[in-house]
Amino acid sequence: MDDSLRKLKQEVLEANLELVQQGLVVSTFGNASGITRDRKFVVIKPSGVDYSALTSEDLVVTDLEGNIVEGTLHPSSDLPTHLVIYRSFPKVGGVAHTHSRFATSWAQAGLEIPCFGTTHADYFHGPVPITESMQPHEIENGYERNTGNVIVRRFAELDPTEFPSVLVSGHGPFSWGASAREAARTAVLLEEIARIALYTIHLNPEAASISPALLDKHFLRKHGPQAYYGQK
Amino acid sequence: MDDSLRKLKQEVLEANLELVQQGLVVSTFGNASGITRDRKFVVIKPSGVDYSALTSEDLVVTDLEGNIVEGTLHPSSDLPTHLVIYRSFPKVGGVAHTHSRFATSWAQAGLEIPCFGTTHADYFHGPVPITESMQPHEIENGYERNTGNVIVRRFAELDPTEFPSVLVSGHGPFSWGASAREAARTAVLLEEIARIALYTIHLNPEAASISPALLDKHFLRKHGPQAYYGQK
Amino acid sequence: MDDSLRKLKQEVLEANLELVQQGLVVSTFGNASGITRDRKFVVIKPSGVDYSALTSEDLVVTDLEGNIVEGTLHPSSDLPTHLVIYRSFPKVGGVAHTHSRFATSWAQAGLEIPCFGTTHADYFHGPVPITESMQPHEIENGYERNTGNVIVRRFAELDPTEFPSVLVSGHGPFSWGASAREAARTAVLLEEIARIALYTIHLNPEAASISPALLDKHFLRKHGPQAYYGQK
Amino acid sequence: MDDSLRKLKQEVLEANLELVQQGLVVSTFGNASGITRDRKFVVIKPSGVDYSALTSEDLVVTDLEGNIVEGTLHPSSDLPTHLVIYRSFPKVGGVAHTHSRFATSWAQAGLEIPCFGTTHADYFHGPVPITESMQPHEIENGYERNTGNVIVRRFAELDPTEFPSVLVSGHGPFSWGASAREAARTAVLLEEIARIALYTIHLNPEAASISPALLDKHFLRKHGPQAYYGQK
């Protein structure tokens, strides 16, 4: 086995376990994947396998069409969604999908998450977007691939590096990043942002989004050429 | 002791402990049971015993009329409810009853749980049903048996394999499955579904149920002859 | 030291630690006490001491007037409240006071907790009562003793064995029982009842109390001469 | 290294870890600092460093102008806010900033926290104040220093020893005390107060603040010359 693929498997395993450790997973819901640098192979969690027993040997390797290259288990049934994201968003190196409580509740409520504060602005350059509802013909044929398509349509005028998560209406969040590790971390932060946003509208149903100046300040002090947060 | 009965006791013990480990139990509330394959004997938790000290020796074995066959302790006071479920739903192999927070809150609110998302649709083929309130004469005589009867009445036109839980109005949830283990797992998933449904109506009191197409897609990709989720 | 006093100290220590283990305590808030069988001596937690370092040696023994009989630390500042309860409710053997989140929130909201379900009815024979607000002159002189008095006034027509907790308006709950252990257990159950009652009115602001028949059934199957729950 | 500075570093390290252990921190959000007795040097957490790996060697020492005196890492980007607080509030020996869930939600909702009960009154002599929103010119230039200035403006007529926390509108809480340890403890208590205040208005949107008599009683039995809570 190729050495970079071995490392990717280890990283994807750790990203999946991170989702569990952070309390984002109930039962077998949720999955994280990563793509090789040459964008030829994707490593993903197998379908419906208990996290407590998961090893990097169980992970499934496929090409970008979903053909299995390595592994004896079925890949996550959400694989086609991940593949559409990798094909459409060339800077994305990892994807994480969960049914985490608060982000899923916003998805079920059919609402984007407004940017109520700087915690949110540190990671998203505006509201967390939500897809439109899927049509019956999109659901009945090629459902998981069409879930990817409805995400990509939502990003027609959005930059996925400025909005590293999306809520699929009536379903739950997909998050991404430069790597599987970053995707899992974004999933954790999204859950926290979704949680405090729920509490915020609980306290004040008329709560306002922060000003464009404050949004830009926080997003841009962490991201892009003017960033000055953290260590070099 | 018969070997299959020994295995059933072990499984019922583990199902009871699973309820505790998953945080569904406060104090001594809650109980799980299982029935032998020949549907002659039921194994159930004793009444009011602390879970931390529970062993498979403490479990009580009864026949389908509730006569004690093995065990020196009183069976759970909810035994008659379990027995009605076993007698009426021939595919049910295990039953779990809890006072888990979120499912109990829906039961106390007197509301069925609408199907707001795919997490719910993966396990229930529609809203989680709720019973009607029990009448004084049903409460005063044969209360626990009548709790079973009010559940069975609610399923006059529902298939218990498509709706593996019910909320007893003003009381709490009963869940079931092919085995005690599956019943306990369903109790855990129900609690999660109840929780995110509460958050959903919190965010959007007008939240809509998902479309019939999406409901069918998720329920049927996990259940029945067309299922393709998980490993074979 | 008298042997029964040594046992009482151990039980009071464990009751205080139970409050912490069950998550009812933040910082140094909360205290449990117990009274000897002859109702001459009360054992209580010292004031403002960190629970993690608490030993049975730190506990303070007083008489029913609050005079210190044993111990080198100041008793809990709530001691006078405990003493009024012991003097007025002769069947009470232990008292627990916490600022647990959900019960305190009902106290702050100025509302009794309606009996929305059987979990509640298993422990309280009706709504959890709340005191009236204290008057300035009651607060300015003898505040802690008057806290006891406002509790006792609320029970003019209530039996403390049927209602083993009270909410002090704008403050928090006091719970009691036959022993310090039982008082602490009641505090834990009250918190759970307060929590699911909040979720219930969240789901349905018009939620109804359960029927008198169901209330009596559940309270009386656990308490009094007709009880049949648990082991003999 | 000066011995008192070594002790201060150890205390600041422990204060930062306390924030994590108490669940106030998600990701790398949050920071605690302390100032030497002669008010010449400030010790603060480095920017964007993972708490699990933090040692007292990583802490950064600066003067009151923010010039680095010791340490090889960048200080927390919030350092200028801490410095304004130290320069303006001479009795403050430690500062803690978090994005803790409930306090942040009040900040995002743009609301001060009313004093609904005695838990709150034990630590704050009235509502927890909130700053006004910052203006674009305050955000674009010297943002972190101006965050300090908007806090200080809010305290024009408040005593920081009677109100040991503030909510920065749209951002989150800053807390302080005589030491870094006390600042972290206040941050923990503020979060609890913010949490039960949210539950309180959830139960009763018309909930009233406690009376001035009860507010004074609780605040003054813990603070100032008449205090009688705790040990001497």
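Should a chain be cited, it is by its letter among A, B, C and D, assigned in written order, with residues numbered from 1 in that chain.
One rule holds for everything that comes next: contacts are C-beta pairs under 8 Å (C-beta built on N, C-alpha and C of every residue); 3 or more make two chains touch, one makes a residue touch a chain.
Please read all numbers here as calculations on a predicted model, not as lab measurements.
**Student:** Any chance you could name the chains that touch chain A and chain B both?
**Tutor:** Expected: no chain.
**Student:** Averaging over Cα atoms per chain, report the distance between chain B and chain C in Å.
**Tutor:** Spacing between the chain centres: roughly 33 Å.
**Student:** Would you mind pulling out the distance in Å between where the CA atoms of chain B average out and where those of chain D do?
**Tutor:** The separation of the two C-alpha centroids amounts to 47 Å.
**Student:** So which stretches of chain A touch two or more other chains?
**Tutor:** Residues 201-202.
**Student:** Chain touch graph shape: choose line, ring, star, complete or other and state it.
**Tutor:** Chain contacts: single closed ring, each chain with exactly two partners.
**Student:** Enumerate the contact residues on chain B facing chain A in the complex.
**Tutor:** So the residues of chain B touching chain A come out as 116-119, 185, 188-189, 192, 195-197, 199-204, 207-208, 210-211, 213-214, 217, 221, 228-232.
**Student:** Per the contact definition, I'd like the list of chain B residues that touch chain C in the complex.
**Tutor:** On the chain B side, the touching residues are 26-29, 46-49, 73-74, 77, 99, 101-102, 104-111, 133-134, 136, 139-140, 143, 170-172, 198, 201-202.
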